[in-house]
Amino acid sequence: MRNDQRSENSLRPITITTNFIKHPEGSVLIQVGETKVICNATIEDRVPPFMRGQGKGWVTAEYAMLPRATQDRNIRESSKGKVSGRTMEIQRLIGRALRSVVDLEQIGERTVWIDCDVIQADGGTRTASITGAFVAMVLAFGKLLDNNTLKKMPVTDFLAATSVGILPDGTEILDLNYEEDSHANVDMNVVMTGAGEFVEIQGTGEEATFSMNQLHTLLGLANDGLATIFSIQEEVLGDLAGRIGETLKGQDGK
Amino acid sequence: MRNDQRSENSLRPITITTNFIKHPEGSVLIQVGETKVICNATIEDRVPPFMRGQGKGWVTAEYAMLPRATQDRNIRESSKGKVSGRTMEIQRLIGRALRSVVDLEQIGERTVWIDCDVIQADGGTRTASITGAFVAMVLAFGKLLDNNTLKKMPVTDFLAATSVGILPDGTEILDLNYEEDSHANVDMNVVMTGAGEFVEIQGTGEEATFSMNQLHTLLGLANDGLATIFSIQEEVLGDLAGRIGETLKGQDGK
Amino acid sequence: MRNDQRSENSLRPITITTNFIKHPEGSVLIQVGETKVICNATIEDRVPPFMRGQGKGWVTAEYAMLPRATQDRNIRESSKGKVSGRTMEIQRLIGRALRSVVDLEQIGERTVWIDCDVIQADGGTRTASITGAFVAMVLAFGKLLDNNTLKKMPVTDFLAATSVGILPDGTEILDLNYEEDSHANVDMNVVMTGAGEFVEIQGTGEEATFSMNQLHTLLGLANDGLATIFSIQEEVLGDLAGRIGETLKGQDGK
Amino acid sequence: MRNDQRSENSLRPITITTNFIKHPEGSVLIQVGETKVICNATIEDRVPPFMRGQGKGWVTAEYAMLPRATQDRNIRESSKGKVSGRTMEIQRLIGRALRSVVDLEQIGERTVWIDCDVIQADGGTRTASITGAFVAMVLAFGKLLDNNTLKKMPVTDFLAATSVGILPDGTEILDLNYEEDSHANVDMNVVMTGAGEFVEIQGTGEEATFSMNQLHTLLGLANDGLATIFSIQEEVLGDLAGRIGETLKGQDGK
Amino acid sequence: MRNDQRSENSLRPITITTNFIKHPEGSVLIQVGETKVICNATIEDRVPPFMRGQGKGWVTAEYAMLPRATQDRNIRESSKGKVSGRTMEIQRLIGRALRSVVDLEQIGERTVWIDCDVIQADGGTRTASITGAFVAMVLAFGKLLDNNTLKKMPVTDFLAATSVGILPDGTEILDLNYEEDSHANVDMNVVMTGAGEFVEIQGTGEEATFSMNQLHTLLGLANDGLATIFSIQEEVLGDLAGRIGETLKGQDGK
Amino acid sequence: MRNDQRSENSLRPITITTNFIKHPEGSVLIQVGETKVICNATIEDRVPPFMRGQGKGWVTAEYAMLPRATQDRNIRESSKGKVSGRTMEIQRLIGRALRSVVDLEQIGERTVWIDCDVIQADGGTRTASITGAFVAMVLAFGKLLDNNTLKKMPVTDFLAATSVGILPDGTEILDLNYEEDSHANVDMNVVMTGAGEFVEIQGTGEEATFSMNQLHTLLGLANDGLATIFSIQEEVLGDLAGRIGETLKGQDGK
């Protein structure tokens, strides 16, 4: 039994509220247990300098926590005048993950800015951010479909993330909360597509290691948990869910 | 008639949700029309270096906007590596205003950190921040009363803020939304106590000026609007509202 | 009696030395009692990016203190690598105040840079800066009139600032020196035009409040003090003083 | 056949020169093909603030590239005034990996600083850094054994890293050089211990994905390559190699 | 004949106004031709961390220019958030030069902060800063003698600086103004003591070189010019001038 | 006898390894005794903004030390977020020195970036950097000659640097190592051309002074030492050495 009465292979309850904030092209509040993240997607009609003139778009992400999203107050990164290594690592991960399911040629010279702002943290903020950001991004592309800026949904597959880990007693568990995460020997974030392919695996033993067998068990837990998450995303996206992958079908056999 | 059908002396609807985030000692979400601000209060058991050894506490504030709180996306201040002049001005104002109704000796060598994070902006974010931060701060002191860290509520009076302004046609109005604020000739923020005293008046003509008579009309509008806001704060605070000012009563005749 | 033998409604002696530094288009040294500020105005033949293509000019200000302008040495903001909130607040105030009396269309796509450098501080540095900067700016426009770059003086009225405040014993006073300012309960900066209109009122109770009646008394003191200051500016500006407001007269009845 | 005539499961030639620089407690130059990294280990007799008073040590790493380590010159991070996200990600990885094989209690309140400076880059700089840093760290601990500061080698096992990846044609390969890395669909860094346990797996599909089967093949390639690397480390370390793990043996049955 | 009608070996007129600003322990305004620098000396009763516990003092300097000290306006270093290489070079030079004539043991664990702020620049700002800073520092030590904090003047000799250079036509000249400096092939700053010893020689050919013979001529010009400057310092310092060197005399034969 | 058994006028052994790193246009490792510096020269096909449109090139330098190049570990300047005054002074010196022997018109609108990275420091890092950077720069121009981008070697003469100094006992010595440098009363860096002209003299007494006679002795030591260094550069450069100065010969009589 886990500290919140879940079984080893149970996810925490997930709620995704769409259109949470009014200004962004796509906006969701995702709650995974007690973790709450606002994910906003902005469409900008240009690309960063290193991408110009290639006729392709770009997807990039920023991540932050409110100072009191955590048990103790953190100093704002704007006050410190620099972004921490942890923040950079997370925002690079979110951007890279989302790009793996976007047909960048389809969107033309536009940038999708993803802002993930954690308002309450209880473990798994980076994986909740990816799962929520995916929905916000699809909603934003929905706006471009509505006003005929795009003809087809440029998203090729569903995308979500979850964490798995190994507790000090050797138990492999799915979807760690903060308490579990801070004691786990091994922590692994897994990002997958709806088709069951890996986009990113980041497994880390902090002052610990793990074997090939343990890796298998962990990936199995992640795979099963993500199947549930994909169905939540699908339900929340409604009609837009059906348009995911349509650029692939149009290309017969790619 | 105003662009949102209000009369000149009408406030926008105000909602204050208490205990919005679980970690902070005090937390509220304040909505003033379409403006939404999370106000969190943190109690830290020490004071900044310049205050040490005086046996007094301190109240300080930080303010930020999510990048997409506004119509167009703003670059994060953490990415720019510095805090803008506007942000600094606002956070200094919030801290100063709150300190005017706190008995700093009563709280001992503690710091109250106020974090105001705007998640959706539609004008009046600094005044909504003050109004919401006051409630979050009282809630946080309530925790200290509950666990007997403090004996008396160290807040001496209610505190709230609103804006008033003059439209290009000369109309004086209460509680400007973003559209009104961006066209107004004169913009004035007024912070008052429950007893009807001024804590701060900041009136500014951007490429315009105003007369003594106009100043009177504006202050009258602010005074009436703030009376309504104090009653909302009172209702939301429940029993804690009754304890505001108790340190004054105990001092017989101050 | 005040600590420097002035009556409650007395200004400190004011001296404005024109053409203090040789390179700037306009340069003055303003002394208000023991407060000394060098105010330089620079005309640059372009506007900041957000103003381009509108055919209008811009006025902006920077403010700084020499490290030893004060009793104790302050660390240079260049050494700290960032500008303090106080500095930002002041330079935004100076720029905004000056813009209220400049016809920005008249000056075309030019920027007026105002640099206020306090070499000795004894209270009232921001109001002395505004009063001195106004003169420096008019001198700079005088150069543009002399060489026929401009046809009319683009300044619509006189502009000056002073401070008023309330001492702990309740006395309302005009033009606070440093000693008074550091003990005052209420501190208010008032910026007015020659026509007696308000441009900016910033009244602050630091851990204190003030009533409507006190506000009236303070504004009366400020109004009388500023009348004296306008006459000093007028004398110092000589012939240029007579040209202030000439763009208004040319517009018949605006 | 690969662009440098290697077979799919071949490592590039690896050379580790010990005592490369005279000042550090441990210093190596590691060359992996054309990639050259100076790895220096410094022992400092204190720990960072968050570790004080726990009687434990810490291992931390910094990573940098000379501006011209690459084909095009990079701007120095010291000139830009900030460290990039990529750099932060790498130095966090190196530190975390090394800590997994160090008995932090054994070293007492000391910090091991690892500096990895890439002087020539041709792919795999982060994995070469880990492999070289391990040797530098063991050499540094050797100094502490020599002067009796430590009684036992506090390193519990060998540690090394390599990369594997999938080329656009689907070929899985070991130890990617720069040319391969810049075209690969999938790039995976694997850090293992001498006992064959995983310390870190970071697999990334940049605009691509990978299956469970592909993951297996990649991990197999990494496992075989690392066996060779461990034997090179062992040879280079000479007598010190024999002392790795001695704290474990002493604990009978941990 | 030079562009300002001086002969090759003529200094510009030098004026040193003492007690220019009221707060600092020592304050002068030095004018060398059209160059004007405020030099303030502050005595702080502690030393920087690297000097603590040695029973010795320290002398350090900061240098800055007002934005409009020059023909074109310079961006403030506080706005840029960093100090330029030129500024750093100059302030290191000033500090080093002054330390060469101060008996650091005599002053105990105190820091002398020298602030040189150029309010108008016309060439030779760093040498004028040294010459003026010397006077400000002696005045500050004078205060410590007056209140018996020090028993003897800790300054061992006079110190001043000037520039010499070679014009494109080969003429060697003394005390270059801005116009001359910007065209000179060789520019040399010379800092000497009253006893005629060198403290610092910095001779630079910018895209040019100079011979041993030219070096001799330049050093002769500097030597003669400095003799005049020492007599100006002596006059300005009055009685304090006579106390320079008294710690040497007291040490019989050092 | 000196601490490393050299006579007063002896240089330490100098080795210059060419083509040390593969990517740069010119690359050398210079060793002067125990001091080791990697000097890389990069040719960029554009000039900085302030040089554009003049048809001339530019030479600029950056200098850094590995954290553990020294006895104690230095904090990286990239971690501190700013470059120290010492670093700035050195890189400005290197750039200025090299420009004195380059015909900037000949190289067209190109920038030569010189990167001097000290991997092991034992005194004289700035002079070793200049001597090594000269060779790296000539090698880089050699590439431009090889591919016919340039017709003539744009370097007008040899250039090298060394240090001289005065020990506390009054001995004048050549080429100070770290131990000597940290105790010397006077430290002087001398940069000369092959023709025996001075490019830069920086002589500094840290808390000490020096006489004209001592200056002569020091310059004589430097002159003799540099003769040896020029012959080492000449040998290392092979055929390219013969092309130095060829633009001068082509200009008959300049």
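Lettered A, B, C, D, E and F in written order, each chain numbered from 1.
Assume a residue touches a chain if its C-beta (ideal position, glycine included) is under 8 Å from a C-beta of that chain, and two chains touch if they have at least 3 such contacts.
In UniProt terms the chains read A, B, C, D, E, F = Ribonuclease PH.
Keep in mind the model is a prediction, meaning the values are calculated, not measured.
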{"item": "Each chain counted as touching chain C (Ribonuclease PH) and chain E (Ribonuclease PH) at once", "value": "none"}
{"item": "Shortest chain-hopping distance from chain A (Ribonuclease PH) out to chain E (Ribonuclease PH)", "value": "3"}
{"item": "Longest centre-to-centre distance from chain F (Ribonuclease PH), chain (CA-based)", "value": "B"}
{"item": "Rotation angle superposing chain D (Ribonuclease PH) onto its copy chain F (Ribonuclease PH) by C-alpha atoms, nearest 5 degrees", "value": "180"}
{"item": "Selected from B-C, A-D or A-B, interface repeating C-E by over half of its contact pairs", "value": "A-B"}
{"item": "Between chain E (Ribonuclease PH) and chain F (Ribonuclease PH), centroid-to-centroid distance (C-alpha), Å", "value": "29"}
{"item": "Between chain A (Ribonuclease PH) and chain F (Ribonuclease PH), centroid-to-centroid distance (C-alpha), Å", "value": "52"}
{"item": "Multi-chain contact residues (two or more partners), chain A (Ribonuclease PH)", "value": "81-83"}
{"item": "Cyclic chain order - from chain B (Ribonuclease PH), heading first toward chain C (Ribonuclease PH)", "value": "B, C, E, F, D, A"}
{"item": "List of chain E (Ribonuclease PH) residues in touch with chain F (Ribonuclease PH) within their complex", "value": "82-86, 88-89, 91-92, 96, 99-100, 104, 188, 193, 195-212, 215, 219"}
{"item": "Residues of chain D (Ribonuclease PH) defined as touching chain F (Ribonuclease PH) within the complex", "value": "21-24, 27, 34, 36, 38, 40, 42, 44, 62, 64, 66-71, 73, 76-83, 87, 113, 115, 117, 119-120"}
